[in-house]
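Look at the two complexes coming up: chain A is in both, with chain B in one and chain C in the other.
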Partner chain A sequence: MRPDGILRLAFGAVVAATLAFALLPSVVVVITAFGEKSLLMFPPDGLSTKWFVRAWTYEDFRSGIRNGLLVTAWASGIALVVGTLAAFALERFRFRGRDLLEALLLSPLVIPHFTFGVGFLILASAAGMSRTYSVVVLCHVILVLPFVMRSVYVSLKNVDPMLERAAASLGARPLQVFLRVDLPLLAPGLAGGWLFAAILSFNEFTATLFVTGQRTQTLPVAMYTYVREYADPTMAALSTMLIAATAFALAIANRFLGLDRILSIQAGH
Partner chain B sequence: MTGQAGRRPAYFPWFVAPAAIAAVVLAAAMAALLQYAFRQHVPGSLQVGGFTLDNFGRMSSWVYLRVFADSLLLSACTAGFSLVLGYPLALALVRTRSAALKSAILIATIIPLFTGDIVRTYSWLIVLGKNGFVNGSLKWLGLIETPFELLYTMTGVTLALVQYSLPVMVIILSAAISHINPDYEKAAASLGAGPLAVLWKVTLPLSMPGILSGTVTIFAWTLSAFATPQLVGGGKVNMVSNLVYQLGFSNFDFPFAATLSLVSLALIFAILSLLGLATRRLEQAGFR
Partner chain C sequence: MEAHSLSIERVAKSFGGTKAVAEVSLKVAKGEFVTLLGPSGCGKTTLLNLIAGFLEPDAGEILIDGKSITRLAPHERNIGVVFQNYALFPHMTVAENVAFGLKMRKVPAREIGARVEEALETVRLGFAGQRRPRELSGGQQQRVALARALVIRPELILLDEPFSAIDKNLRAEMQVELKRIQRAVGITTIFVTHDQSEALSLSDRIAVMARGEVQQVSVPAELYRRPANHFVASFIGEVNRLDCEVAREGDELVLRAGDVSLRLPPTRAQATSDKGVLYVRPEALVARDPGDPEANLGTATVEAHVYQGTHVDIVAKAANGWLLRVRHPGYEALERWPAGATIGVQARLAEAYLFSE
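Entry: the complex of A and B
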C-alpha cells in the first residue's frame, strides 16, 4: 500500500473511533434498556421489554411529558413569532438601542443556565409567580430566542432586497411586503428555527430544575428525580425512546432544511 | 442590507415591542440576581436581610476556592481533549466528497447535542458504573478482577464533559476549516509537501482562528455545565453550578448562591471578551 493510502486509512480510523466515543453512551443505554434484571448492568442478562412498559406507564414520566409538551408548544411558538419579528427588524432597520436590544436577546447563549435559573427563581418569587407555568414558559422563550433569531438571520441573507422593492413599487404596503414577500421566502428557515427551539425547550434541564415545582415539572426534571431515587433500566428504556425520537426529528430537519445551513457549516470547496 | 434608512414602516414598533419586553424580563432577572448577591442570608428563612458585602468575603474560604479551581481544571481539560478529538472529525466533515457520508458524520456528531442533558448524563452512569460498560467489558475480557472507580471521579466527569462538548467544537472548527481555500493545500502539495506536512504547515495554521475560538468557547461553556458534574460527579466532584444548587435547595442560602452565580457569569464574560480581543489580533495579523 502507498504511504498515502495508509495515512488515509489511519485518518479514517481516528474519525471512526471518535464517532464511536461520541455515540458509545447512546448505544450502551439502548442495549441496557432491553435487560432482564432490575440491576443496572452491562452486558444485560436476558432479554425483556418490560422496562419500556414501566417507563411508558410511570405516572411522573407521563405528567412530565404532558407538562413538557405544554411548555414546549407555548415557548417555541411564542419564541418563533417574537424572534422572527425582532430579527427582521434588527436586520433591516437602524434605531436607537438596537445594539443593546440585540446583545440582550442573544445573551442567553453565554449566560450559564444555572445562573439563569437562580435569576428567574428570585424574580418569580418577587413577582409572586413561583413555580407557575408562566414562569417556566417565559424562561424557555428567552432561552431559545437566539436560535430562532439566528435561523432568521441566515435565511434573510438569501432574500433578495430587490424583490421587496419590486413589490413596493407595484403598490404593496410595507406590511404586505413583509407578509407576502419576505415571510414565504423565510418559511423553510423558520421551520428549521422552530424545530430547533422546540427540541431545545423540551430537553432543557438546568434552568427548568430551578423554576419548576412538583406540579409543573417537565420530563427532564422528572427523569432527574427518578435517577436519584431508583437504579433500574426504566430510565434506559425512556432514554432509548427519546434518542430514537430525536434522531428521527434531526433526520427530518436534515432532509428538508439542511442542518448544515441551520448550524451555518459551509460546504467544503 | 441596511436599506430603507430613515423612514420606518408603521409596523415597526409592533415588531420590536415583544422582543423588548423579553429583553426587559431578562435584564430584570439578572438585576434580581445582582441585588441578592449583596443581601444577608437569614438562616431557616427564604426572606433576605439587609445589604452586605459578606457573601463576597465568604468566597475566599478554601472550600469554595477549591470548587472554583476544580471547575477551571475540568474546563481546561475538556477544552483540550475536545480540540484533539474534534479536529480530525471537523476535517473529515468538511473535506468528505460523498454527500451521504457527510450527512452521516454530521448527524452522528450532533445527536449527543440534542438528546438532552439528562439522557446523555444518565447514559454515562451506565458506561462508567461498577457493573457498567467499561468495567463489564474489562471483566469479561479477563483483564481485571475488581472494577475501576470511574463514577464520581475527575476522570469520569471529564470523559462525559468531552463527549458533551465535542459537537460544539466540531461545529466551530468545521466552520473555520471550510473558510480555508484548498488551493493553498494544493499548491503546497504540488511543491512536494507530503499530506502530513500540508496538514501541519498549511491547514492547521490557517485554522488558528477556529482552534482559538473553539477552545475558548468550550472552556467557557464547560464552566456552566450542571447536569454532568451533578450526576457523574455525584457530590464528590463539584463544579460551581453544583455548589449553587446545593446552597439554594439544601441550605436555602439564595444570597450566596446568587453571589457565586454572578461571579461565574463575570468569569465567563471576561473569558469571552479576551477571546474577542485575541480574535481581532488574529484578524489584524492577516487571518480572516
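Entry: the complex of A and C
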C-alpha cells in the first residue's frame, strides 16, 4: 500500500472513532429509554415504551416546554434584532468606544453563566421582578447575543462594501441599500444566528436555574428537578424525544435554507 | 443620449493629513473619453470617488453642465459607475441587476423590461438575462456592469480599472468593445487606469496624475511626444534618461557629457539650470557603424540584446558612461552587432526633450 493510502486509512479511522465517541452517549440514552425497570440501567433488561408516555404526560415537563418555547422565541428574536444592529455598527462604522462595545457584547463568552444567573437574581429581587418571564428573557438575550453577533458579523464581512456603493450610484437611498442589498445577502447569517440563539436559549440551564421559579421554569430546569427525585428512564425517554425533535428541526432548516449556508461554510459571496 | 460636460474646479481631499487629491482642476467636454492615468496612490481613484459622491471633497466644486453636484449624495447624482470587481448583486439575476437602477427611479414595470432588454442587447448579452452573475465569465460580468450603469441614462459614466481582472488576451477585445459602446451611446466617460497602453489606445485625452496632482492633460500622441515634465516623460513609454551639463550658446542649448557634445533646438528644452536630463525614446536612437558621421552620441559597447519579435533593443554602454537602449527593426542586429561589438549611436534630437534636474 502506498504511504498516502495508509495515511488516508488512518485519517478515516480517526474520523470514524471520533464520530462514534461523540455519538456513544446519545445511543446509550436512546437504548436506555426503552427499558422496563424504573432504574436507569444499560443494557436495559426489558422492552417498554411506558417511559415515553410518562415523559409526555408529566405536567412539569409539559409546562417546561411551553415556558422554554416562550422564553426562546422572545430571547432569540430580541437578540437577533439587537445583535444585527450591533454587528452592523461594529463592522461598518468607526467610532469612539467601539472596542469597548465589542468587548461588552462578547463578554458572555468569557463570564460564567452562573455569574449572570446570580447577578440577575439579585437585580430582579431589587427591582421587585423576581422570577418573572421578563427577567428570564432578558437574561437569555444577553447570553445568546454574542452568537448572533458573531454570525451576522461574519456574513457582513462577506458583503462587499462596493455593492452598497453600486446600489447608491444606481439611485438607492441608504434605507433601500440596506433592505435590498445588505439584508438579502445577510439572510443566511441571520437565520444561522437565530438558529444558534434559539437552540442555546432552549437548552440553557446554569443561569436559568437562578432566575426561574416553579411557575416559569424551563425544560432543562424541570429535568434537573426531576432527576433529583427519580432515577427512572423517563429522562432518557424525554432526551430521545428532544434528539428526534432537534434533528427534525435541523432537517427542515436544511431543506429550506441549506445548513451549509446557515453555518456560513460557503466562502465568499 | 444627450451628452453632458464635467468640470472639476480646484478639488482637494486629504486623509488624516495626507493629501490624496491636491487642488485638481479638469474640464471634460460633452461626449469626451478622458482617462485618469497614474501609478497606484496617485489620487486617481480618490478623484473618481469624489466625482461619484462616495467621498466629499475638503475644498473645490464639481459641476455637471455648469451646475454644482458637490453637495449631492451618490443616489441624488445621475452618474453610472463600473467598479473594478464589477460589484454585481450576487442575489439577483443579470436582468434584475440591470433593472435595479430603473426600479429605484420608479420607472414603470413595462418600460423597465424593454430598457433592460435593450441594454443587454447593446453589450451583446441578450441571452444571459435569467442567469446569475457568478454563472458568467469575467468579461461577461463586466459587460453586465456596463449595461447596469448605462441603462439609467446617466450624465456621466465612471470606469474604475474595469479591465484589471480580465485575462490579458480578452482585454484587447473588451477594450474595442468598450470603445464601440461608448461611441454608440455618445456618453461622457471618465476612465481610471494605471495601464498606459490601455489609456493611450482608448482615450480622447489623458490626465496623467502623480502625488495627488494632475501632471499633464493632453491627447495621447502629444503625451508621448511632448511630455510636460520628468514624471510624464518617465511614466509614459520607455525612455533613455541621460544626465548632462547644459550651456546656452545664442539661440541653442549645448549639452555635454564626457566626450559627447550636442546642440539642441530650444523648442525641445525646458532648461533653467546648468544640469539637465535628456529624454530620448529607444526608437529615436539609431545604431550605426562606428565612425559614422551621423553618430552624434559617439561610440558604445553592446552589452545585451532584448529580442521583441518586431524589433531588437540593443543595450549598450557609451564611452561617457551613458547606458543606452537602442531600438533596431527586425532581428539582424543580433548578428550584425553581437555582444561586445562597438557601435556608433545617433540620436534624432528633434524627438528628444530636456528638463532641468
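Going forward, the second predicted complex is superposed on the first by the 227 of 269 C-alpha atoms of A that agree within 3 Å, B and C clash if a C-alpha of one lies under 4 Å from a C-alpha of the other, contacts with A are read in each partner's own complex, and residues count from 1 in each chain.
Keep this in mind: a residue touches a chain if its C-beta (ideal position, glycine included) is under 8 Å from a C-beta of that chain, and two chains touch if they have at least 3 such contacts.
All of these numbers come straight from a predicted model, not from anything done at the bench.
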**OP:** Using the touch definition from the top, say if A:244 reaches chain B (first), chain C (second), both or neither.
**Re:** neither
**OP:** Would you check which partner chain A:43 touches, where first means chain B only, second means chain C only, and both and neither mean what they say?
**Re:** first
**OP:** Could you look at A:160 and tell me whether it touches chain B, chain C, both or neither (first, second, both, neither)?
**Re:** second
Original post:
What is the contact status of A:145 with respect to chain B (first) and chain C (second): first, second, both, or neither?
Top reply: first
Subject >> Of chain C and chain B, partner touching more chain A residues >> reply: B
**OP:** May I ask you to decide whether A:119 touches chain B, chain C, both, or neither, giving the answer as first, second, both or neither?
**Re:** first
**OP:** Once the structures are superposed on A, label A:252 by its partner contacts, choosing first (chain B), second (chain C), both or neither.
**Re:** neither
**OP:** Jot down the residues of chain A that show up as touching in both complexes, chain B in one and chain C in the other.
**Re:** 174, 269
**OP:** Enumerate the contact residues on chain A facing chain C in the complex.
**Re:** 160, 162-163, 165-174, 176, 180-181, 184-185, 269
Subject >> chain A-facing residues of chain B, complex >> reply: 1-5, 8-12, 14-16, 18-20, 22-23, 25-30, 32-33, 36, 46, 85-86, 88-89, 92-96, 103, 105-112, 114-120, 122-127, 129, 131-133, 136-137, 140, 160, 163, 166-167, 171, 174-175, 178-179, 181-182, 194-196, 220, 223-224, 226-227, 231, 241, 244-245, 248, 254, 257-258, 261-262, 264-265, 268-269, 272
**OP:** Spell out the residues on chain A that touch chain B in their complex, using ranges where they run on.
**Re:** 3-4, 7, 11, 14-15, 18-19, 21-26, 28-29, 32, 39-43, 81-83, 85-86, 88-89, 91-95, 101, 104-105, 107-108, 110-116, 118-123, 125-126, 138, 141-142, 145, 156-157, 161, 174-175, 178, 199-200, 202-206, 209-210, 220, 223-224, 227, 235-236, 239, 242-243, 246-247, 249-251, 254, 259-260, 263-269
Subject >> Residues of chain C touching chain A in the complex >> reply: 52-54, 73-75, 77-81, 83-85, 87-91, 100-101, 104-105, 134, 148-149, 152
